[in-house]
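Handing you a structure now.
To keep things simple, chains are lettered A, B and C as they appear, and every chain counts its residues starting from 1.
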Amino acid sequence: MNVEANLDRIGIQLEEAPSPVGSYLPYRITGNLVYLSGAICLRNGVLEYVGAVGRERTLEEGIEAAKRCALNQISTLKSAIGDLGRVRKVVHLAGFVWAVEGFKDSPKVINGASDLYAQAFGEAGKHSRAAVSVSGLPGGSTVEVQTVFEIT
Amino acid sequence: MNVEANLDRIGIQLEEAPSPVGSYLPYRITGNLVYLSGAICLRNGVLEYVGAVGRERTLEEGIEAAKRCALNQISTLKSAIGDLGRVRKVVHLAGFVWAVEGFKDSPKVINGASDLYAQAFGEAGKHSRAAVSVSGLPGGSTVEVQTVFEIT
Amino acid sequence: MNVEANLDRIGIQLEEAPSPVGSYLPYRITGNLVYLSGAICLRNGVLEYVGAVGRERTLEEGIEAAKRCALNQISTLKSAIGDLGRVRKVVHLAGFVWAVEGFKDSPKVINGASDLYAQAFGEAGKHSRAAVSVSGLPGGSTVEVQTVFEIT
């Protein structure tokens, strides 16, 4: 599995892992599990998507925001484990969408992250998941994604 | 432990595990932990309870919705591990209630799921838990439940 | 590492672990991971902080509420494992802030919990994290914190 070649094929280059925006670590490893801290949709230190889906943001923008969060998770994972080929599987993804009250399409939004993992890691990228809508996210980010990986 | 006999005694039969409503797996196993994807209150492909507790739904309906989510988790677990007797313990349950702003009774709602696990699995069904209220869930489901199980 | 001496140095004594407010256990151990149930900001059985940040509660009060939640998690952990010196690391903290719609500063609020873990456990207290805002928490608590610890 060559994750970065897979990403390159769809026109994506990994960027620098974003810095934590609080008193926590970007990741913590226990046994062969890597718990990443939740990623918001930062790009080069600036949020790409701010605002609630269904009001300031469209569904399509929400999906793009989720994809950006997943990319940030992969960048952080690379900084954590060095070689992304060490990923055995994505275990679990928790997806949070800032959206208008009663928003029903959090799964469609979070598919932006899930599909990116599948493209990057193939079969290993498939995962269990929970997706919910919330009333606010750090810095006004449209999406937050938090992932647990299993590594060798 | 005969989980299905326990359920039968309280008049409940397991149904087909619901299909994922997005780009993810119904479950992922890492070591002896089974991470299930979040279940909404689907029955035969249709949501049994739609709407926010405190507005479209009563507390009692919320509790029933949580119970339905837990049943769906058990169905998915059975499809994952074959024999429910392999469950050593329920480790953790994350419960999300779609409710009106300021709703305080998410624990009462999520007890619908926790009590069902205790009835199905006995001592092994007891678990740690977090329950929160959110502003929207997939498809407008009243409750979402996501569980981690330990198996032999 | 003497966790209680560390807390004493900053003027904090551990209190009795709060009782669960629903049909669940205060903690569940799987392998060398301790999953705690989510803690709200109870002190001696009464919520210290009730209400949404940005409306009934200030940011500063939210931070104090998060600190109280973290202290309650440590008390529960002590009741679970006896000797807090058995903690190898804090693995993951999930932080939920009840706040007004669009609240952006959940990381600042949850730093109240993260900083307390660092003060109590030193390097071992650092952790991965996800922080989100939600529309309601158990009993009207301003904050809920849920933690996974690794022990020896």
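Structural remarks
Assume a contact is a pair of C-beta atoms (placed from the backbone, for glycine too) under 8 Å apart; a residue touches a chain by one contact, two chains touch by 3 or more.
Source: prediction; values computed, not measured.
Look at the contact of subunit A with subunit C and you find different residues on each copy: under half of the numbers used there are shared.
For the two copies, subunit B and subunit C, the CA superposition rotation is 120 degrees, given to the nearest 5. Separation between the centroids of subunit A and subunit C, computed from CA atoms only, is 25 Å.
The set of subunit C residues touching two or more other chains comprises 31, 101, 134-135.
Note for the complex: subunit A touches subunit C at residues 21-28, 30-31, 35-38, 52, 94, 96, 98, 101, 134-140, 144, 146.
By the touch rule above, subunit B contacts subunit C in their complex via residues 31-33, 89-93, 99-108, 110-111, 114-115, 118, 126-135, 148, 150.
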